[in-house]
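Two complexes, one shared chain (chain A), two partners (chain B, chain C).
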Partner chain A sequence: MHQRPSILARTWTTPVILIAILLAVALAAVAVSTGPFNQTVIEIFIRVVLVVGLYVFIGNSGVISFGHIGFTCLGAYMTAWLTMLPAIKKSKLKGLPDIILNAKLQYGWGLLAAAVFAAVCAYVIGKVLMRLSGIAASIASFAVLAVIIQVYSNWDSVTGAQSSVVGIPIIRTIWPYFACAVIVVVVAYFYSISRSGLALRAARDEATAAAASGVDIPRERLIAFVISGAMMGLGGALFAHSVGVVTPDTFYLGLTFITLSMLVVGGMNSLSGAVLGVVVLSTIIQVLRWFEKGIDVGGTVLTIPNGVQEIAIGIVMIVILMFRPTGMTRNRELVWPGKKLSAEAGAMPSSADGKTAKT
Partner chain B sequence: MKSYLKIGMGAALSALILSAPGAFADDEKIVVGFATAASGFMQAYDKPAEDAARIRIDEINKAGGLLGKQIEMVAADTKTDRAEGAKAGLEVIDKGADLVVVSCDYDFGAPAALAAEGAGKVSFFLCAESVKAGIQGVGPHSFSASVLAAVQGATMAEWAYTKKNARNFYRLLDTWTEYNKGICDGFDYQLPKLADAKLVGEDTFKNDDPSIAAQITRIKSLPQEPDAIMLCTMMPGAVSAIKQLRAAGINSMILNGSGVSGSYWLSAVPDLSNFFVPDQGSVHGDDPNPKVNEFNAKYKEVTGGDPSSQYVYPGYVMIDVWAKAVERAGTTEASAVVAELEKMKDEPTLFGPRTFTSELHHQNKGRYLITEISGGKPKVVDEWTISEPIPVDYLASK
Partner chain C sequence: MTAILQILFDALSLGSLYALGALGIALIFGVMRLVNFAHGDYIAFCVFALLWPSIDAAAIVFAGNLPTFLLIPLILGIGAGLSVLSEILIFRRFRNANPATMMIASFALGFIIKYFLLMLYSSRPKSIDLWSNLSQQIEIFGARIPPLQVITICTTIVILIALTAFLKRTRFGLEMRAAAENFTMARMLGVRANRVIMLAFAISGMLAAAVGLILVTQTGTVDINMGANLMLVAFVATVIGGLGSLPGAVVAGFLIGGLSSLMQAYLPADARPFRDAFVYGAVIVMLIWRPNGLFSSKAVKQRV
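Moving on to the complex of A and B:
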């Protein structure tokens, strides 16, 4: 019998291509080297972290979660607590435990702590939630988001309630963000080809058969939930360091829907879709912003009215989804030209578009 | 499969090709950068103050400029979003801004102000009234052009006590924003300093509460109607609260912060009376200072409408004090300008004196006009300056 090459051998080009795209974006920032463009690229990397984080759970399990931005909030506050000046904490956030109150860590530790804290919370929440399926799980995850935001909006002595938490060190170089985006892409890739990842994808596509074959669905989901929770926490911490201010309302419906849209437009069930969704939509948003400000084309300045960007991005998403209901990547992965289709798509027909990919 | 690759490459390429148009500092002119909201809900607050700032800039330019150079305005839209705010701040700095003007509200202005602080530039909040808008929440190069919310509460308490003989006060706080809490903090500070004035009760509500019937019942069940109700709230919930208080037959004097300044909302509560608002200048055309009325006329000429509330004025004050500091320092260099600003003590402006110190880049004392609404008509009836500034330590502890 013909021995098929390992899944790694057949699919390793996917993360390489995705990292190359991210590197191109990073180099664009270096080439342009203006403050606002740099910040835009930082934002793209943060969104890559968040959307890939969503993909790890939603893409692999097929359960839409509206609650992941809650972990982003947990991560953002965790790094804020650890990296702020103790003097500010002592006057505004008196309720923090002493050990945190007196700490002044480097931002790298803040990022790590944010990811770990979010993962621990995801584990506790996931233990309960992962037994639910379908819409019940989605709404329950949304309830989790609402609870987290309410607690953080009202716990005055620890989170400063609705006031902005300031004094977080601001990092304006792109490389830490780039590194985190790369790490997240690599982890997500290895997870999706791991035993647990494959089992979860099998459960996504055919729950009964998977369960009958010995897949413990709640357990596999929990693993994905914890990994994606850690990524969301990391994304939140990166956000905190990019802007220098955190408030609970930043991490609510607005961010939830923009990240989910990016995932869906890119292609919900593929890692490439998560990354491309962010890069393409962010690029379109940026181009429209420049048009709002006016772009000089051969002497005439082209300008679109302020606010058109928000409408245009909505229309662009509708158009993309009309022609590609399963997202820009049709739920497949990017592979090197010449190679055959990705093994995962080949090994497991994507249920979402109803077509069996050819190998 | 190739087409997907093309999408990816295309996206990356377009990001490469399209570069932001950058501009650089020019020695021939002075640049004021506005990292404010041109869209989103903050625009309603930022735009009027920005127009007022523009009027002052035009005046300076017509009079020969600042240090012999013309002042140029550049702007970037924050879209009422914090992450965009940081970008907008960086953008105006890239365009060579010597002064970075940020959104009216502390929460939305802070990201841009922090960007300016990081670049060592002077930043000014258009009209933020939290003590954090300055050294405490941004850093040593940050200022606010308005007066602390706490001063409004303290002013109303002291004025009502002295001029209206109010002795029994009731405190009704809308817990929605820092601004509201700030007003009541000032009131709390001032009240114990007024001999035989007492707090007969206090209560809270939320801006979007459809009904404050429970709170009203508690006021009604007091043995005696309070002389004055200190109402710490703001739009849009303020109108509903005021309407309900009056509809319930509570006729006590109502004291407010400047959040209810202006006459645009008065038609919603017909025949409102015994209602008092502190204003830095009058938008009703009856300011005791004729120059303010001249400014109002000019504002109408430029924007096509009367100022809607007193929050227009800090924009003008901001450019005024900053330009003076630049003139005195002989440079726009941040630390020299900050040093000159910090020397200002009761510096006269069209809208009351301004003082900045190395501890506080905000006003913890200030002259306020008292506007009375009587029979639904607003009229300036008095002006008041609190006897003692509110201590910085007290403000910072809140």
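Moving on to the complex of A and C:
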């Protein structure tokens, strides 16, 4: 009897292509090798981690979550607590337990601890939240975000309340960020072809049939929630190490909006959509940022006022939702054979957009 | 006794604000299953309309200096106009989209409005003096209460009665209730979909404007984020009340207001900054107990 090739054999090119795209971005940074551009590329990798984290839950389960940035906040503060100099902690964050207060770990341990801590919190919160579904779940996740941010912006002795926590060791090379982005993409890929991921997507597309076929929907959702929580925590920790400063306000609606719009523009239900969305929107944001700073065009400096960046992203998002609610990738994954958009997509991410449209 | 009266007034006036906010969200959800994340930004927009046409960094009140009988209809009209405009320009194109898509679109719209305000007025809060004499406290039975609280409560009661009368006694109200119950069936029986939806948006926008006016009188500041917190509470209230249920939204708004005021009064001082966290915690506990809310309507029940 003819056997269908396994799902791994049919889809393994997707993560390879995505990693190639990320590698191309990294090599571009090495080639240009200026400080600001380096920082931009680091930002892109962090956003890849965050948006792929969002994809693992939102894309596979179909439940929109507005609360994931809360886990990012948890992760960022976790690594800050573990990796800062004990002297600074003793003067600013007196309320920490002694074992953390005296610790001075390498950033690798900070990242790991951030992911684990966020995953544990996601498990506890998810246990409660996954009983809800649809719109009620989205709004409850929003409430979770508000609770986390409120606790962190008032708990003076542990988080320094609204004032920023400074003195987190800064990592300036791009490779740790690149490595984390690759790990996250690979984990997300293996999750989505795993038994649990397939069951969850079945439940997303046809809840009744999935439940009748023995899929325990809350359980599968919880698994996705914990994995994505860990990724969000990792992303938060990377963020903390990239700028060296954290405040609770950083992790509120602004970041939620940016990451969610990247996922929507790319295509909510595909991993390729998550990565491409980040690359394309980051490019737009970067261009608008240059304009906000002022750009020299034929002797006159052209500047656009602050806020245009967000307005432009908002408009892009609405237009995409109106005319192409499945995003740039139409919710499909990039694959090697047959489709033309693979090799060049790596070199010129922004042109992948037009090519996807044709296929 | 005095303390209890004080808490009662606090609870009722805070609850009124939440109830008005929740009502604005529940109305639109009822007719088109849209969770309108831009509602908080409608509130902020209406408040900033007080500064028109000045866009100076210092708050120069212009429209806000109009006599009251002109000012209130003007602001309500701006709220309704903005809300209807967003329906015509954006939400009309999402008639056949699923609720999650519409929700994200409204989230994006909220950001556009917010950053539009930021672009014009910068993100610094400005102080503004609107009816500030209403915040001077007067004594009622030994409790010191600002007249604004009394006015807030009375306004809310009037709005609720008027809205109930509108929904129960007029043809438009009947159409709206029918549309909320079963939109397809209502259309087949001759209800004009666009008109009903636009009406719901107009009323919702006016409610946002009313909330904005009360907020700005209470706090004396205008801030681009002023609607965000209230919107969150209003969302939670609509979920607790049962999505799509108008009485549920109002009752839940008052419940959350009451709970917040009680916690403000009786929590130990150390825990007081975390008041809202406790409130949301209580909400989540309640949702486990009744996942469909207190007054769940038939239309939104999950069939699995």
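Going forward, the second predicted complex is superposed on the first by the 301 of 359 C-alpha atoms of A that agree within 3 Å, B and C clash if a C-alpha of one lies under 4 Å from a C-alpha of the other, contacts with A are read in each partner's own complex, and residues count from 1 in each chain.
Quick note on the criterion: a residue touches a chain if its C-beta (ideal position, glycine included) is under 8 Å from a C-beta of that chain, and two chains touch if they have at least 3 such contacts.
Keep in mind the model is a prediction, meaning the values are calculated, not measured.
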Touched partner set for A:A9, first chain B, second chain C, both or neither: neither
Counting only touches as set out at the top, which of chain B and chain C does A:N306 meet: first, second, both, neither? both
Please indicate which partner A:M317 is in contact with in the superposed arrangement: first for chain B, second for chain C, both, or neither. second
Name the contact category of A:I21: first (chain B only), second (chain C only), both, or neither. first
For A:V30 in the superposed arrangement: first (chain B), second (chain C), both or neither? neither
Just to be sure I read the superposition right, which of the two partners does A:L132 touch: chain B = first, chain C = second, or both, or neither? second
Pick one for A:V124: touches chain B only (first), chain C only (second), both, or neither. neither
First (chain B), second (chain C), both or neither: which does A:A143 touch? second
Identify the partner contact of A:A87: answer first if only chain B is touched, second if only chain C is, both if each is, neither if none is. neither
Doubly contacted chain A residues - partners chain C and chain B: 306-307
Contact residues on chain A for chain C in the complex? 62, 64, 66, 128-129, 131-136, 138-140, 142-144, 146-147, 150-151, 154-155, 207-208, 211, 217, 253, 257, 260-261, 264, 305-311, 313-315, 317-318, 321-322, 325
Touch list for chain A against partner chain B, complex: 17-18, 21, 24-25, 27-28, 31-32, 34-41, 43, 91, 162-164, 166, 170, 172, 239, 242-245, 247, 250, 272, 276, 279-280, 283, 286-287, 290, 292, 295-296, 306-307, 328-329, 332, 334-335, 337, 341
Residues on chain B engaged by chain A in the complex (per definition of touch): 1-2, 4-5, 7-9, 11-16, 18-22, 38-39, 76-77, 82-83, 85-88, 90-91, 93-94, 106-107, 110-111, 114-115, 118, 132, 137-138, 177-178, 396-397
Going by the contact rule set out above, which residues of chain C touch chain A in the complex? 35, 90, 93-94, 97, 99-101, 103-105, 107-109, 111-112, 114-116, 118-119, 228, 232, 235-236, 238-239, 243, 273-274, 276-277, 280-281, 283-284, 287-288, 291-293, 300, 302-304
